[in-house]
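Labels A, B, C, D, E, F, G and H are assigned to the chains in the order they are written; within every chain, residues are numbered from 1.
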Amino acid sequence: MSDPHIRDLLQTLLAGQLSLTEAQRQLEEHLVQPPTAHLSDTQLDLERARRCGFPEVIYAEGKTPATVVELFTRLREAGQAALATRVSDEQLHALHERFSDLVINRVARTARFSLQRPPQGRVMVVAAGTSDRPIAEEALETLHWMGTGCELIVDVGVAGPRRLLAELPRLEGADAIVVAAGMEGALPSVVGGWVDCPVIAVPTSVGYGAAFRGVAALLGMLNSCAANVCVVNINAGFKAGYMAGLIAHRRHADQT
Amino acid sequence: MSDPHIRDLLQTLLAGQLSLTEAQRQLEEHLVQPPTAHLSDTQLDLERARRCGFPEVIYAEGKTPATVVELFTRLREAGQAALATRVSDEQLHALHERFSDLVINRVARTARFSLQRPPQGRVMVVAAGTSDRPIAEEALETLHWMGTGCELIVDVGVAGPRRLLAELPRLEGADAIVVAAGMEGALPSVVGGWVDCPVIAVPTSVGYGAAFRGVAALLGMLNSCAANVCVVNINAGFKAGYMAGLIAHRRHADQT
Amino acid sequence: MSDPHIRDLLQTLLAGQLSLTEAQRQLEEHLVQPPTAHLSDTQLDLERARRCGFPEVIYAEGKTPATVVELFTRLREAGQAALATRVSDEQLHALHERFSDLVINRVARTARFSLQRPPQGRVMVVAAGTSDRPIAEEALETLHWMGTGCELIVDVGVAGPRRLLAELPRLEGADAIVVAAGMEGALPSVVGGWVDCPVIAVPTSVGYGAAFRGVAALLGMLNSCAANVCVVNINAGFKAGYMAGLIAHRRHADQT
Amino acid sequence: MSDPHIRDLLQTLLAGQLSLTEAQRQLEEHLVQPPTAHLSDTQLDLERARRCGFPEVIYAEGKTPATVVELFTRLREAGQAALATRVSDEQLHALHERFSDLVINRVARTARFSLQRPPQGRVMVVAAGTSDRPIAEEALETLHWMGTGCELIVDVGVAGPRRLLAELPRLEGADAIVVAAGMEGALPSVVGGWVDCPVIAVPTSVGYGAAFRGVAALLGMLNSCAANVCVVNINAGFKAGYMAGLIAHRRHADQT
Amino acid sequence: MSDPHIRDLLQTLLAGQLSLTEAQRQLEEHLVQPPTAHLSDTQLDLERARRCGFPEVIYAEGKTPATVVELFTRLREAGQAALATRVSDEQLHALHERFSDLVINRVARTARFSLQRPPQGRVMVVAAGTSDRPIAEEALETLHWMGTGCELIVDVGVAGPRRLLAELPRLEGADAIVVAAGMEGALPSVVGGWVDCPVIAVPTSVGYGAAFRGVAALLGMLNSCAANVCVVNINAGFKAGYMAGLIAHRRHADQT
Amino acid sequence: MSDPHIRDLLQTLLAGQLSLTEAQRQLEEHLVQPPTAHLSDTQLDLERARRCGFPEVIYAEGKTPATVVELFTRLREAGQAALATRVSDEQLHALHERFSDLVINRVARTARFSLQRPPQGRVMVVAAGTSDRPIAEEALETLHWMGTGCELIVDVGVAGPRRLLAELPRLEGADAIVVAAGMEGALPSVVGGWVDCPVIAVPTSVGYGAAFRGVAALLGMLNSCAANVCVVNINAGFKAGYMAGLIAHRRHADQT
Amino acid sequence: MSDPHIRDLLQTLLAGQLSLTEAQRQLEEHLVQPPTAHLSDTQLDLERARRCGFPEVIYAEGKTPATVVELFTRLREAGQAALATRVSDEQLHALHERFSDLVINRVARTARFSLQRPPQGRVMVVAAGTSDRPIAEEALETLHWMGTGCELIVDVGVAGPRRLLAELPRLEGADAIVVAAGMEGALPSVVGGWVDCPVIAVPTSVGYGAAFRGVAALLGMLNSCAANVCVVNINAGFKAGYMAGLIAHRRHADQT
Amino acid sequence: MSDPHIRDLLQTLLAGQLSLTEAQRQLEEHLVQPPTAHLSDTQLDLERARRCGFPEVIYAEGKTPATVVELFTRLREAGQAALATRVSDEQLHALHERFSDLVINRVARTARFSLQRPPQGRVMVVAAGTSDRPIAEEALETLHWMGTGCELIVDVGVAGPRRLLAELPRLEGADAIVVAAGMEGALPSVVGGWVDCPVIAVPTSVGYGAAFRGVAALLGMLNSCAANVCVVNINAGFKAGYMAGLIAHRRHADQT
């Protein structure tokens, strides 16, 4: 740890500018008080950008439009990038009223401010079918917010196998690949068999009957016989994008 | 229906060789009494060969060796082919003692007599990995018993995709393809995407953890995005072979 | 394989009409570029009719009306038959506006163009009760689109066992039988016990409570003690019809 | 209620043979103290025969042989019939050592003393296949113990439909029918469709794969489209026999 | 069987009033043609009243109002009692328009005609809480339609144990007891422990969270440690009433 | 027991003011008749306050507004505190019309009268995120109704671990802690690891995909490696509050 | 917090007996280094007794006998009570060799040292049947180890309801009640309805078929309509005893 | 692609050293024939090292010792590293007989040859408890085989929260962290909240009752509220190690 704030505090104590009791109080408070912003009816973890590399993301479901606007305002004030997922029309409207330079994606149901810096790395986002697109778009928006270069490939499901073969060249050299698929969720295994990078599989609730709203795809992906496939929650486009972006970010941060 | 036995009976009645009461008794008995062989502690449906095209198959699990031997004896006496599945070592021993010309497959855990006739048709049996082999062999034994031509392809799982591409020429022209796979069960979808014949998918209990003893593979196969894939029970190699053999049998029976 | 296009290409190279580099480029492109039609926001696998025997079918759920119309337009241009399943009222309206000769089935929620040729083969579609009819109709529409002869039998559930006995004569001689049932899903087993052809069982979500939206019927069908029963996904009328049609098609194609 | 013991107590009080305090003590004790036999490490509800019509049954699983012997001894002393289910070899041995006139059924894993009285009523116990026999035998033993007339029919599963038709005459006139079946559990529905008496369905764990140790059969039976079918727990041969015996017992008790 | 119609037919044949071919045709047709009424888009099993003791019941879900009216009309013409369950407002309206003497129960969502005869037997219907009432009422309506005497007891859940004790006298002497309960479904076990008659347990979907829409109650009832408890499907008030009515009906039919 | 009413009754009998028959009748009636209020279409267990320490709580779901008002009226007449949970807007309106001094919480969907007495004890209610607040508020309202001191802490989920560390001082010295969390439900384990008092964990249905409407959180909490964590039903804020209040109530009742 | 160790450290720094750097190092180390004992292949959290009120408990499953002996040795050296659960015969033997004064319970599969102090409080442990006894005994051993007074009641399942009524007086005045039950798990609801103290319900895996190794009992207990019932994991006798002991401990600690 | 072999082939054709037919045959064969080693009863994908970066791994379960030895022999001959997982004692014995320089880990049940090169990168493997160690060791062995630097931390479960805080400094700077946990599976969320690198969560089947052999932990991890957590199959230590190694490998390969 070796926290500079502690060193300052001890020096101030030694300098006689602080009583022993006050030094202990400040020391203990410092150790437990995170830089959390207390808002009207929620808290915002402003420390997260430092601790985890990226700011806290707003999961908008169940929050009032006012709360979402307040959270974006605080993040902007703190100079941090902002991303909200699962945003309702009403919340989008409120955000749009307040911020003129917001990037909104209605298919992905996201809103974001990104930091102005050139994109780094390359993540491919692959969607088995058209219906998996909202989840794939949520992953893409997350990658844009993280400042990661990314591209989308759609409609390469295993029922038409030559379509994927045709796209293999585009997959080469990616830092990581996000694959979104519903129904039997076989696509991540098939992609994983052709490439040498990590594949983040995100099952979608596309399908009917024994697809059980994504459970069949989830189980398929967890049991993938390809070793380079890991899995996130059903419909968790954000998390898949975040994982892929994190991998790309750390690889390219080293190089710069 | 127009059952010839009924016609005979009515004629005998008209001929005065039968009383009205006796005619009615025989008529009603005939209608409900199937040609069932009552054995020591089970029954054998000898009529099935006529009604369904193939004789009753012996599911050996839970039967005594004596019962299995008795059932094979009756089938042989009736001139019908015989097949027993899920046969224990003790049952195999008892069968082997009694019949010198039995075909035994210890991997598939089957025993059979087949009718002496040249094989018809061509069914391919594909197993994703070595561990799926017992189920694939059960399908093959069933096909041999039905008199259907068949071949086995092993170790073409999706983690090594070029292995399947190399085998595609052998799959062309098949009457039907049985695909046995565990884990995520993606192989039938992938095979189904390349061929134009019916694919009978049989999930196996190969795998661990969230494979749930074949459930993941079962769900994957049921949700296959390939339209030419239907599914049988987990580890049901017999049923997969039977379905494929039935399709081949009827197609080639027409031609001869 | 022995692909004629490859032969042509090599000959052109030998004839000096193509540079070595260009020959290799065309060769490699040909090997990976499937004849896919890239549409506004989806792709259409025009090669499928050749590879699998029948064109790609449009699963309409989640697509815009414009996309569905565009897909039908391309299929017609390519001279292929067209079928869309799970079609919404809005999509039907858009298709109807554009094509005057479309066959629409509102119970089945399908729309199709068929090729003009006399129906081949005979598939029986059996529905346990009136509520299973939409799924049975989806199977029938699929069979019409494939050019397969087919008939419907409704309301022969096992609670009134003589109703099925009365229909047995109609089942005789079928190429394959589709059986749609919800609740306990016992009908395919019962039908399978009487006939000698493949039975494609399709569980429906009809029922309540422990029917679990088709799961009870699905499990019942997977565990059928009749050997000639295979299963497709819950409510998958299309897939059941397709499997049955494929079996009939190949049997009768041989004969003609 | 109008309990004669209370009346006696009040009369003794009025007769001055009991103090008020003692009367109240005895009254309150009587109201809460059931005639339970406290044994070494269990209790025996001797009152149950009066309250429920039949004595408590010994579920032997997890009990020591000594405990089972002690329970049988107490029931015999109380002049009550005795039945133990799920009995181990070791327990059977201990019971056999102690009682010479015990009826033991090793297939059903039961031991019993019955009261000497002519059987009343008629319950049919139907088992789909040979493997369902242990459960069917447990039901039969329970019926014998209750003094109910009963018969067994085996091997009439739906894959050979004419076998059941041949047995229909034996089912006519039964007070109740117990049907034990595993796999898809379709037999109770089929039986229920032919008869006019209550059918007690007992799913068995016979089958493999998606039979899920009786779950498929259980769901099938719960969703039976026949209205006269109710269900007991998987492998609960005892409970099925008890329910059927209770129905027969009450019907015939009225008549005598 | 000894079917009088067959005897007549054989006599007519012997009398020369029928050709052999025509006799056989009529004989075979008679054997397979049930007295089914073919309606616009469904069938009605008019034979069921004779075969099973009570007419076919109309499960109204998914039927058009016109179909339901047509079915009631046919049952009335055949002089049979009529009962429809899961009836929608629209269906009720259509029935009400057509028949002035219909008994409608909006809580139970049923409509019925009963035969005019004095009620026989006594079945108690017990509902754990107010929310279980619709299911209990469906059972009561079924019992009224069957002509069985019945009474309702509500709000005697196990959280207030003395409420049930107070009602025990009313339960004494019942032919059978229906118990409807949701949540943990403990009430049938508790009732079963106090009485000597069959208890038909019907789990309801009342509850939330881990009640899983009736699954918790269903499992509780299946595992009841009381031997006189059997179970029907979740929310299957009709089936519970039918089973109880059947038991009462047969007991009292014997006595009259 | 030693019930004074029984003593009085016996004395009246001895005094000759009661016949033996009448004494027995009154005695038996007294033993089984609980002080239940029979309302229009439900019952109210007025005895519960004495038996269990707190009055019966009204689970409003599925009751008419009139019934809820009637139940509150009776509780007020009996001088008992009143609490209704899962109250609809319509029910709230009806209660508000009738009682001017009701405490309504629209987030928690509760209405209550509390007894006027100073709060006792201290229970902390912790909610992982903003979306878990309705459940946490239901627990708080229950605690207010019981007269237990309580406080709320929100937004201390494990993704921002220092937020919980900052709140540890407030958790110290609590009688019990209620922790409401959805998604993976890890918070109760983490809280349980830091404190020495009982933790009542309530899983919420917050989350999506494999959260399965609270099942993931429920399983997480049941398997907590912290020994001081017990669990209530999904979304059961009332029950969590009640358990915590009961623990606090009994501890402080001893001290006063 | 106000940790005296921090104050000492700051004073030593001010006294010049520590360099600034060393003070910071010691300060930071102190904050993160828990008093954990590092053993051969595991760690022991010796701080837990202070933080949580009771020492760490040894879950013996999967540990070597040597590790278990080492853990007990360290706890004894630290003057802390010791409890090991799920102990194998081999582990018991090793412990017994090493410690002469160990309390071993082979039914509960536990071993323990307790602190010598008079038991405080009173917890009742109720087991529905004899087979639930191992789990109940594990709870009792845990209570003995905690120094809590406790008693066992066995064989009061709901099938013999008067047995529980007879034991109600013993339940009165308990600090908390542990109820262990398998099968339908109804007993905690029934007990909860009669008492005014917290009930800790522990489902056991006793039962068969749809008991699903404790799942039915678990669901029943989670959905209990009694408000004073909370639940721990299946077969978690230790955790149930711990929760009950914690409640009793804190209540009586206040009084002394 | 631009495959040099194709160029060579075309040049040979142009040079007249190959007939057109032979050129086409070789071309097509080359395109589909992967460098697969055909062994006695399995295949080995030797091309995988080139395509995916690491050679095929031997999943030993269900293979004969001879097959495993043969596979290792081929990999060594091809100069590739070798790893076998889920190795039985018998297989280990056979490998040990044949190869003297094998690295065997009996806790992890693995055997391997690694390539001789200095380890790159740093992956931390964290196990919640001692029982999770076999899975953690499988991950470590995989990392050793990949040539990745790695360390193990054990016994930092959430019930003793300060133990993890003490290890945080070791987690800093890792390329990726593997976290293995059973029971509620909360540890990956807690770790994820403190670090800025990818966390690969592997649920283990440690626990009992509602742990459902790893399902509770799996669901907990999938629903993690920490964004940097992805999941692999239950007990899939190999896959978790492979994913982490892949991330580290690519990051450091760039730098060298």
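The criterion applied here is as follows: contacts are C-beta pairs under 8 Å (C-beta built on N, C-alpha and C of every residue); 3 or more make two chains touch, one makes a residue touch a chain.
Being a predicted model, the structure only gives us computed values, none of them experimental.
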Interface sides of chain C and chain D: same vs different residues, half threshold: same
Selected pair, out of B-H, D-F or B-C, that shares over half of its residue contact pairs with D-E: B-C
Rounded Å distance, chain B centre to chain F centre (Cα mean): 60
Separation of chain A from chain H, taking each centre as the mean of its C-alpha atoms, in whole Å: 26
Distance from chain H to chain C - Cα centre to Cα centre, in angstrom: 40
Contacts with 2+ other chains: residues of chain F: 1, 32, 159-160, 193-194, 209-211, 215, 218, 222-223, 227, 233-234
Chain pairs that touch, as defined at the top of this document: A-B, A-C, A-F, A-G, A-H, B-C, B-D, B-E, B-H, C-D, C-E, C-H, D-E, D-F, D-G, E-F, E-G, F-G, F-H, G-H
Complex contacts: residues of chain A adjacent to chain H: 1, 51-54, 57, 169, 175, 193-198, 200, 218, 222-223, 227-234, 238-239, 242-243, 246-247, 250-251, 254-255
Of all residues in chain C, those that touch chain H in their complex: 1-3, 6-7, 10-11, 13-14, 20, 23-24, 27-28, 31-32
Chain F-facing residues of chain E, complex: 130-131, 133, 154-156, 159-160, 162-163, 165-166, 168-169, 206, 208-211
Chain G partner contacts - residues on chain E that touch it in the complex: 128-129, 157-161, 183-186, 189-190, 192-194, 207, 209-212, 215-217, 219-227
Footprint of chain A on chain C - complex, ascending: 32-34, 36, 41-43, 45, 47-48, 56, 59, 61-63, 67, 203, 205, 214-215, 218, 233-236
